[in-house]
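In the two complexes below, chain A is the common chain; its partner is chain B in one and chain C in the other.
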Partner chain A sequence: MINLQGYGPRLLEGAWVTFELAVLSLIVAVILGLLTASAKLSRNRLVHGIGTLYTTLIRGVPDLVLMMLLFYGGQIGINMLTDQLYEAFDIDIFINVNAFIAGVVTIGLIFGAYMGETFRGAFQSVEEGQMEAARAYGMSDWLAFRRIRFPLMMRHALPGIGNNWMVLLKTTALVSIIGLTDMVRVAAEATKATHEPFLFMVPVAMTYLLIATLSEWIFSRLAKRYNAGFGETH
Partner chain B sequence: MATTATPLQARNIKKRFGTHEVLKGLSLEAHQGDVITLIGASGSGKSTFLRCMNLLEQPDEGELIVHDEPIHFRDTKHGREPMDWKQVERIRAKLSMVFQNFNLWAHMTLLENVIEAPVHVLGKPKKQAIDEARSLLDRVGLLDRADYYPTQMSGGQQQRGAIARALAMDPEVMLFDEPTSALDPELVGDVLKVMRGLADEGRTMILVTHEIAFARDVSSQVIYLHQGVIEESGAPAQVLDDPRSERLRQFLAPKH
Partner chain C sequence: MEALTTWWTELLGGNAIFTANTLEFYWNGLTTTIQLVFLSLLIGILLAVPLAIGRGSKHPWIRMPIYAYTYVFRGTPLLIQLYLVYYGVVFFEGIQESMFWPIFREAFYPALMAFTLNTAAYTTEIFRGAIKNTAKGEIEAARAYGMSKPLMLRRIVLPSAFRRALPAYGNEVIFMLHASAVASVVTIMDLTGAAYYVYARFYAPFQAFIFVALIYLCLTFSVMFVFRRLERRLLAHLRPREG
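Take a look at the complex of A and B:
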């Protein structure tokens, strides 16, 4: 492999951080998105309100600002909590917000709101009769969700999930500002030291492109699977 | 193993939508092998009554007893609802429903549709469920369509498939909600033929239908509903051929 003036191994580590960060954030975002969609479709006013507040707040504030708010605000919040614990119960702990976890939580939280909108539309596209049949055959709510509603709505949700994923992947580049050493940060440091921006930024761009291309392939496989039964005739 | 339990009893079922009372205290008793047909104009409440029996609609009043097991209700501020949804799920699994619009699960092949509830609700071994499903599909004349998706089949095929799905549960009672209403006329015959076979073998069935000739043929009891009330009920010969009320006479009169 190319040595990249000694930065090769660190760039590779950075690429792995980027990848891990993106995948874990996606998982958080999908779970939050499903919850948000359920909340926004709920007839309970409070639950509905919480869902709406969350998506409005997240979608109206820049990612960068949210990230700093959550990272620094989160640390301050945790400090306040541990101070209280110390005063009330004499428990002395110090929790340092881990930049990686903060990154996953923040990106997950941001994209959970977008996923929520994607899933909401997809849930609504599932015909009521499909769920009615599930109930009529004795399925519990969870079983009906897992076996019927989820696979049916995925067909409609996948294009949106794919788009969100691509944007999410690129948003991970922002985590360098909260001190996480992803591949962008490594490349930036290397550029500063060597004054050779292209030597480092081109491989970084290629890596993003590689992940994106790979995901396109995975998404098209998934689309094929969830479209079974809706496509062309036998 | 003949049991003496009554498959399904509904007593004094009432149902309101908003302020409109659609069911005004309906009762029905299905004994082993009964074929009970509900007829009536649209809006008479016949489908709602049927849907109350497996709790797709929650009755506001009245009792439901399936295989001698009463369903327990409790009052909440949103109205009455079942006390124990696990009980409801268990009871629904004994009452297979066949829908007007088939409602086969669109993302599954016909075979997958038929084995879905037996495997995941009843916990049957998959291999056994597949064997049974194949013989049921053979029975409704669709064995060669086992690997087709619902969208790849005609309405009549889908409905016969839906009947196979219902049979796979080996249900206590089969509920048919206007099973032929969404079908092209030339496809109705095959579906009715399958249903007639079920009636002949002694299946307990409750059906909502507009097929009066079929009702006359297979029913042990016909119930005529008008605005949420049972107006006439009895043997088909009596209700259909010798109606007492003027309204039923008009309902049965051929329309030109």
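Take a look at the complex of A and C:
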């Protein structure tokens, strides 16, 4: 067995941080993506404009720059906000920006924009007749969304979500730069201390490959499920 | 209008951050980023063309190693690839005594190497998809003309595949531009590195990072504009006819 020079447990903890971070950001990204897609499909011009501005800005700037802006700027921004609260309403609170939450929020915010584009395309490919039928059955908007629009949309969205998830997983490596102890950071620290880059970086790279391969399998299972009744086309 | 000018001059007058000195940092960062991205894309595309052809080879001994290469490089974060090359380059036997050491001692070249390997992997898959989608009739026609395989590749398959790959390749260029921000981690003063320096020196995250975000945004839009023009020219035959 390879000798990880005592860094083994910390690498495992780091791997768990990476995994948690990726899954939580995915959830944030999906929720934001659904909201963005609805905004971009809205007839209200202001809402539409906000959705477009959000996706354009986020997709035009590197992830790392956004991460640094939100992480280093976030604390100052929140402090300014709480200061104003104190001056205006005499409410004295102090919010400390937690690196993990900042990471989740940032990655969620970035991939919400990508998910928004994916969902928008998918929503548009749901036939109007399906929604008309749902309304004819007397379904409320929410019920029609849950039972008709969402499952039909997922069939088209799933390949895009899969791609976004793969990119998101790799983007989590960037949080090591802003100070979160994920597995990349542990490996980088271990490399600097021992001068053995291959010993630590190769297992980390293999872990990413393993998660990617596993998720590919899960997504192919999901695709089968959402393609039920449409033949084995995709 | 006048109010706007006074506001503008006041803003510039009261600004201690964007002096000629820091703007020079940003400017040097911009040139470093463009050099790094342009060179890695250029070398990457030169590597990707033969790799994409080999990726569709009948011989598993050619096809499989290329597949393994693209799978690994597309499945792992660029940051790890960068660390591996940056910290791993000294482990090559005798490199410190060779004539290449002055080159590899600087962070720029390991970073260039990591970026090149990364973009070559993505570009290989883009080209391979485009080559695979060549219309059957075109290949049959080329065969009917008695073209040899290399000639067919050069005259028929590659020119049309490049055109079809253009939109996806445009995305790859933007992806590479954004991914190059990690170069700042290995002490390279690229755009992001410059922004971080300004942030750290003045403790002004908003100014430092929003300014650099705007530069990246301009770069992204320029790349998108160029590719849209290229697509309009080179893919004109695929557009639905007007009128």
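Before moving on, here are some points about what is shown:
Basically, the second predicted complex is superposed on the first by the 225 of 234 C-alpha atoms of A that agree within 3 Å, B and C clash if a C-alpha of one lies under 4 Å from a C-alpha of the other, contacts with A are read in each partner's own complex, and residues count from 1 in each chain.
Throughout what follows, a residue touches a chain if its C-beta (ideal position, glycine included) is under 8 Å from a C-beta of that chain, and two chains touch if they have at least 3 such contacts.
What you see is a predicted model; the values in this text were computed from it and never measured.
For the composite obtained by superposing both complexes on chain A, the positions of chain B and chain C are free of clash and fit together. By the document's definition of touching, of the two partners only chain C reaches A:M201; chain B does not.
Contacts of A:L12 after superposition on the shared chain: neither chain B nor chain C is touched.
In the superposition on chain A, contact is made by A:F230 with chain B only, not with chain C.
In the superposition on chain A, no contact is made by A:L24 with either chain B or chain C.
Shared-chain residue A:V61: touches chain C; no touch with chain B. After overlaying the two complexes on the shared chain, residue contacts for A:I78 are found with neither chain B nor chain C. Counting residues of chain A touched by each partner, chain B versus chain C, the larger count belongs to C. Least inter-chain distance for chain B and chain C in the combined superposition, rounded to the nearest angstrom, is 27, based on C-alpha atoms. Of all residues in chain A, only 127, 129-130, 132-140, 143, 147-148, 151-152, 155, 226, 228-230, 233-234 touch chain B in the complex they form.
If you check the complex, the residues on chain C that touch chain A are 71-72, 75-81, 83-84, 87-88, 91, 177-182, 184-185, 192, 195-196, 199, 205-206, 209-210, 212-213, 216-217, 220-221. By the touch rule above, chain B contacts chain A in their complex via residues 54, 56, 85-86, 89-93, 95-97, 99, 101, 103-109, 116-117, 120-122, 148-152, 165, 169. Residues of chain A that touch chain C in their complex: 57, 59-66, 68-69, 72-73, 76-77, 166, 170-174, 176-177, 184, 187-188, 191, 195, 197-198, 201-202, 204-205, 208-209, 212-213.
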